[in-house]
Amino acid sequence: MEKDTNESAAWTKRENESPIPKHERRASEKDIRESIAWAKINQDVLKSMETPRKLYWVILFFAFAAFSVGVGCEVYQYQNGMGVSNKNNPHAWGLYISTFIFWIGMSHSGTLLSAILHLMHADWRKPIFRFAEALTTFSLMTAGLFVMVHLGRLWQFYYSVPYPDERGLWPNFQSPLLWDAMAIFTYLSSSILFLYIGMIPDLAICRDHLHEGWRKNLYTWLSLGWEGTDRQWRNFRVTYLTIACFLIPLAVSVHSIVAADFAMSQQPGWHVTSFPAYFVAGALYSGCSAIITLFIILRYVFKFEEYMTLPILKKTVRLTFAIAMIWTYLNAVEFASVWYSHDQASKDVLIQKVIGPFAPFWWGMIFCGSVVPLTLAFKRFQTNIPVLFVVSLLLNLGMWLERWMIVAPTFSHGYYPWTWDHDQWPGFVQWGMVFASFGWFTMLFMGFCKVFPSVSMYEVKEMVYHRKLHLKKSETAEQGAH
Amino acid sequence: MSQRHLLALFNNFEDAEAAIYELRAADIKGFKFDDLTLKSPIEHHEVESVLGQRSANVQWFSLGGSLVGGLLGFFLISGSQANFYAQMKGGKPIVPFPPNFVLTFEMCVLGGVFITILGFLICAGLPAKRSPLYNAKVSEDQIGVLVKADESAMPKIKGVFLNHDVLEIQEEVSK
Amino acid sequence: MIDSGLDRRDFLKVLGWGGAAVALSGCGNTSVEDGKETVVSYVEAADYVIPGIGVYYNSTCAQCDAGCSINGRVREGRVLKLEGNPASAINRGRTCGLGQAGVQHHYNPDRVREPLLRHGDKNEVITWDKAYALIAEKLSGAKGDEVAFLSGGVSGHLKVLLGNYLDSIGSKNHFVYEALAPAVVRAANKKAYGVEMPRYNINKAKVVLSFGADFLGAWVSPVHFSQQYAQFRKGVDGQRGVLIQVESKMTLTGANADRWIPVRPGTEGILALGIINALGTASGDIAAAVKGYDRARVSKETGVPPGQIDKIAALLKLRSPSLVLAGSAAEGYAHGSQNAAAINLLNQVLGNVGKTVEASTSVPFPQMAPAKGNTVALKSLNDGLAAGKYKVLFCYAANPVFTAPGAMKFKDHLAKAGFKVAFAHYLDETALQADLVLPLDSALEDWGTQVPEYMTEGAQINIQQPLMEKLHANTRGMGDILLALVKQRRAEEYKSFDDYYAYLRGAMLLNKNALGGSGADDDTFWNETLTKGIVKLAGSAGTLSGKASAAGLTLPVPSAADVQYPLQLIPGVTASLRDGRHANQPWLQESPDPLTTIVWDSWVEIHPKKAAELHITEGDIVEVTSRSGSIRAQAYLFPGIHPDAISVPLGRGHEALGRYAKGYGANPFQILDAVFDQETGELAMHETRVKVSKTGQRVVVVKDEGAAGGKQMGRKIAVLVTTDEVDLSKEA
Amino acid sequence: MSVSNLLENWAQFRHFHPIDDKPHDPYKWAMSIDLDACTGCNACSVACYAENNLPVVGKEKYQHGHGMHWMRIERYWDEGLGVAGGSDFPDHGAQFLPMMCQQCEAAPCETVCPAAATNHTADGLNSQIYNRCVGSRYCSANCPFKVRYFNWYDYPTTDNVWPAEMNQQLNPDVTVRSKGVMEKCTFCVQRLHAAKGTAKNEGRLVHDGDVQTACQQVCPTGAITFGNLVDHESKVHKQWQSQQVELDKDAQVKDQKEGGSGLRGYRIFEELRPYPSVMYLERVRESAI
């Protein structure tokens, strides 16, 4: 408790040292100051891309070490067979698939929120969408690894890829797993393109302000000769908008298809109509909480207090709270629909979740997913960074548990009582792989932050510009009124 | 008569806008208004009122792309089902609609996104070589107006720019 | 049959290429890839090896003594699978799981391959000549009485040859020992019916009342009884047969009963008498004998509710003929003979003799009839060994070090024998105590004849013939060994027989006419015999003698509770592991026990109520202590056992035998008390009292049964219906 | 080419099987298992090991649920056993159920395989193509009966699974599966192929009794009947017919008739509509005792 206060005090101190003048901060919860000079924006953001400090390398090393654990596990599993991960019949899937869904879910807020907010002209997205989209891309790349790791014959993975082949062999397009692969591929490539297209003007800035080294070449190539001409901007706007339009239904489809992996099956506890909605809500939920986590980290590490402002955080937090309540509601819907379905097998799975061997995890999920977010309803916590940091991590823990609670209980307690198995716990290989995925993600994300601007400079400029215009307009209007 | 480029940098958009208005109104011989390019660190869509509605056709690429993607998807999938394994699976029809529609949708989006990007590159003329006059300030906080005009028109254009608080004028070295 | 022109090396080359490459291609462990074999083309293979085509040979299953005929599929010179021979009246084309695993006995990697001279724990590989010389040398230093031969049940020409050998030595000490033989029942049958093993017509019975006879699992001739059982269930005229099983520990047969009655251990005879009493049809001395067995007393002593006794009696009265069987559970007590007699009496009272109990056909060659194993033999051998009577001991097809009750201290006594020769497939516990171990051919490589103890319709002699070439060059058939040994002593008599095959062929041809081959020339007869695998004999159907009498029938009142050892130990006999000789066949180890579904390990069956009393839960390692010793095994809560009893299955807990047997489970033989049946002197297997205590260790029970523990949770998986709800007569 | 095939055969490609499809012809392999005859002796399971090269995985792996018994015998107790108000003893014995792949006509496993490694054959079998399997285990996840077994390890190279000599017993007609592929009961498809080949050479169809599955052949009580369901002479057809069980129905006469039908043929999980090819006959118990 005391420690909390101390930390809190330290944070308050940081806030006090913030470059935003106190009166402006207090005055009107402005999500951005109009007075920020554009040059300063460039300077601040580019500064975040400078040669990293020692701590960066230390963390990167640990992330790499964690990833290496996973590589080791995979080599071991590849050599000896899937059995080493302690799965069995009926526990065919285990943590790989649950963690796969977790990462897929994580990917959802970035691109989806960015696109929705873009369409809705909610310009508070501007300072945060870049890293959120990076989050999407990298969590998809992490999720993709689990699909591979999960396969019993990794070396034949291409059998489930549709490619024209001499023997006329095609994969089975009826399989939700194939839809999954297809949707993830589409989503990943679209997200990467969306991220990239949105970054071109910033890449041009990087090009213009870096004068040597491989980076200069990299940005020169990547910025495609962007000069910010009216023609480029005009087409850019349309393109960005169009892709945003594509991405919204796509993102929804991706997680509904992941839900279809379960809902299209015939198993009790999976064959639930509300699953797609439940999955999408869960995905947005975990994505939002991941955004909060990264928001806080980036804000702190890169001193982005001026861009990633508390009002923006507050908005994100409120959005998260809303989604948390939707998710909670959908949980209840799942229960209710099963309860009134007279399907004893599905009921048994639910009962099993609540009072069976998985109960601690299930209740953990309820606690993290439905109880913890209640703190977000309080205004004082909505901008309390230490609290938010802990809460966002708990939310994600809850969401990871949710995915596990979707996958495992049905396997352990399916239709066929003879094969019920309540004792099969994931082995160290599975845990190692889950652990490694966080290392892998951290590696990718940290690399991204140092190579690419994690705050969109041009969009922040736009935001500042629009605020200025707005201010001017309202001043004129005021004067006119006088 | 040889043409030259000239880049004027402004501190803010209003100045640049005013300068462009004047240029348009001035009707300078040897300078076509279409040869004027605005370079800005952010998008100023207000500029359209000055420059006029210049076309942006990316959305047609999107439409075409998603149609082609969707059709390709559906026929690839249904065709492969009909040809390779005209073989039953799980009692479902050999060409089952729900899964094929799901995949058609994905292919539709995939085609749409890819072709949109292609369209963007074509419409925006990217990747492009750098234009003859460029100033890194344009990607920072200044507005640039690049004009291409006959040598003879240059003084007049410069004059217009100078009227509007231009910060700096860069001229192409004559060939 | 198999052309000896193909020498073994060539043969193995074919195997190496054909076997490894065909069966394992793509698996990365072919011996060809290891460079251990030379590739030889099929061109050099023998005539009968047709690539890709299976050849079928008939032979006889040697996994137990029931004498099922088998039909082995041989491809590229390798025997792949054993099926039942449809021509056999015993198994009619069927086999049991044990029989299926016969190939794993044959291909077992732990078979003994060379004659071994043992020095302490060390093996010295010697030649057969040296081994025979050694035996001759040791025999020359011993008198006939000082030589003992311990064997399992033997029959056919092997028995004849063995008899001749012992005769040549001058020894009468042939101990035929089977740990799980129905010896008490034989004696009781002899008394009641005049024959030791009559023919039971389960298929003709409308009600079968079985007192612990696991005829579907491990009793006498289970494959045959299973087929009768199938007919019995279908019923003669749509009236389905009813099976009532009375026992203290549920057997496979009990699990299939319409009514399973848990009876207090050892009171089976009392219940039988109680039923006779309740029937009320008996007269004379029988009526007098059962007079005291009224419902109240019987119910009190057996724990069976009075209503149940009445119901059984009523059903038996209503539906006739019925069949009452006395099985190992009834005979395994000090008063086992009395139990069996009481049960046979019930059969007689019900008038089943002659209907469902018939005399079996006897084989016209009494010298070939099976030497029936029992445990009396073990006892007398043990006594003899303890007294140091034997200088030379032969041991064949028995593993007494493993199967003798711990209280007998057989292993210690065995050490007193001067020179011990074991004819063995594996280095089992007994072979490890031997001085000379002689490796045997597997049943699928060896010649032989077999006469089953339990004869079905008509009599038959089963032919055992090699299904493939020997796997190992230096193993020999038991017949060949005996022939070589007997030649040492009676060279003249046997000089015309090069090997046991010649002996067998000669002996069969000698009796060609009696064997149904009159008129055929020798080769035709012989080839036909081998092709069929069975010689059916006319044989004379005997008659059952003996009249129902209750004379001498005294059943003890169940003893009062033993405070120190409160529980009765029932050694469980499972269909697949029996007395443990098959424990090194991995299919059997991994084949779940039908009732507990446990694999690879022993367990202690304990009733859930008793377990709750003792605070034992599933997976607790418990110590089972008797007066003779203690073993440790995992507890399994099993509702099919009397709360005053526990059961540990036999067959596991080997300290030797092979990689699949050694170290798995516990051996309850070790803790059996040396209690014997008062009349026959047979070992009373169920008469050991034990106490159970928790050790504090726990394991996860390795079993197939899932967490639902045999409940269907209302899912309608294995559905049940009562006879009044179905119409069986319409079924196809 | 494929598109023209698609357009030409459009109507044929839009059938639901088996409900609005014509029956398999000339073969539809099916089974019926009489639970009243089944004694639970496990012979079928061992025979399956022998015929189909099933690996013996050993105690430790079995403990982890890696047992590979395509045919497993399940032992059920009465629901009332050991619960309050019920009996402390299994008074009516146990119920045994041999469970193997039910070769469903509308198999849940087939649709979900991403690599199309499991298909419905023209003979009405649910086939597993080991070569094509990528090991996603989705089929197993979606199997209501959980009768699919995955090669969690590379059994051919595992110690003591098939050590020297033991490997000579392997049936050359059956693939030895390597790690990472799914496998399950095939209705002894190698025997079916052999029988069909023989019959074809003789210019006829396979007669009832020409071919037996390993489990059927071994079964001491003859509880398992296997054969061609479209062959009206086959025993399996007669059994299905006498029990009025129809392949393409999800509810049979037995379930619908008020007051009992006297029939005892049923298929497990019929309400899930996998249309299994295995009919079980209910275990009967005497009502008089």
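We call the chains A, B, C and D, going by the order they appear; numbering starts again at 1 in every chain.
Heads up, the rule we're going with is that a residue touches a chain if its C-beta (ideal position, glycine included) is under 8 Å from a C-beta of that chain, and two chains touch if they have at least 3 such contacts.
Please read these numbers as outputs of a predicted model, since none were measured by experiment.
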item: Chain pair whose interface holds the most contacting C-beta pairs; value: C-D
item: Chain nearest the global centroid, as defined over all protein CA atoms shown; value: D
item: Identity of the chain that, by mean CA position, is farthest from subunit C; value: B
item: Computed distance of Cα centres, subunit D from subunit C, in Å; value: 32
item: Whole-Å separation of chain centres (CA-atom averages), subunit A against subunit D; value: 44
item: Computed distance of Cα centres, subunit C from subunit A, in Å; value: 66
item: Junction residues of subunit C - those touching two or more other chains; value: 700, 704-705, 711-712, 714-715, 717
item: Sites on subunit D at which at least two other chains make contact; value: 67, 72, 74, 76, 108, 111-113, 116, 154, 269
item: Multi-chain contact sites of subunit B, meaning residues that touch two or more partners; value: 80-81, 83-85, 89-90, 92
item: Graph class of chain-chain contacts, one of line, ring, star, complete, other; value: other
item: Complete list of chain pairs which touch one another; value: A-B, A-C, A-D, B-D, C-D
item: Contact footprint of subunit D on subunit C as seen in their complex; value: 15, 18-20, 22-24, 26-29, 31, 52, 75-76, 78-84, 91, 93-101, 103-104, 107-109, 216-217, 222-223, 226-227, 229-230, 233-234, 240, 242, 244-245, 250, 252-262, 311-312, 315, 318, 471, 575-576, 586-592, 594-595, 597, 599-601, 607-609, 639-640, 643, 659-660, 664, 700, 702, 704-705, 709-712, 714-728, 730-732
item: Of subunit B, residues touching subunit D in the complex; value: 75, 78-95
item: Residue numbers on subunit D that touch subunit C, as the complex places them; value: 35-37, 39-43, 45-47, 49-51, 53, 56-59, 62-63, 67, 69, 72-79, 81-82, 88-97, 154, 156-157, 160, 163-172, 176, 178, 214, 217-223, 235, 238-239, 241-243, 260, 262-264, 266, 268-269, 280-289
item: Partner subunit B, residues of subunit D touching it in the complex; value: 1-3, 5-6, 9-10, 12-19, 21, 104-113, 116, 118-121, 273, 275
item: Complex interface listing, subunit A residues touching subunit D; value: 80-83, 86-93, 150-154, 156-157, 159-160, 169-172, 174-178, 181, 261, 264-267, 411, 414-416, 418-419, 421, 424
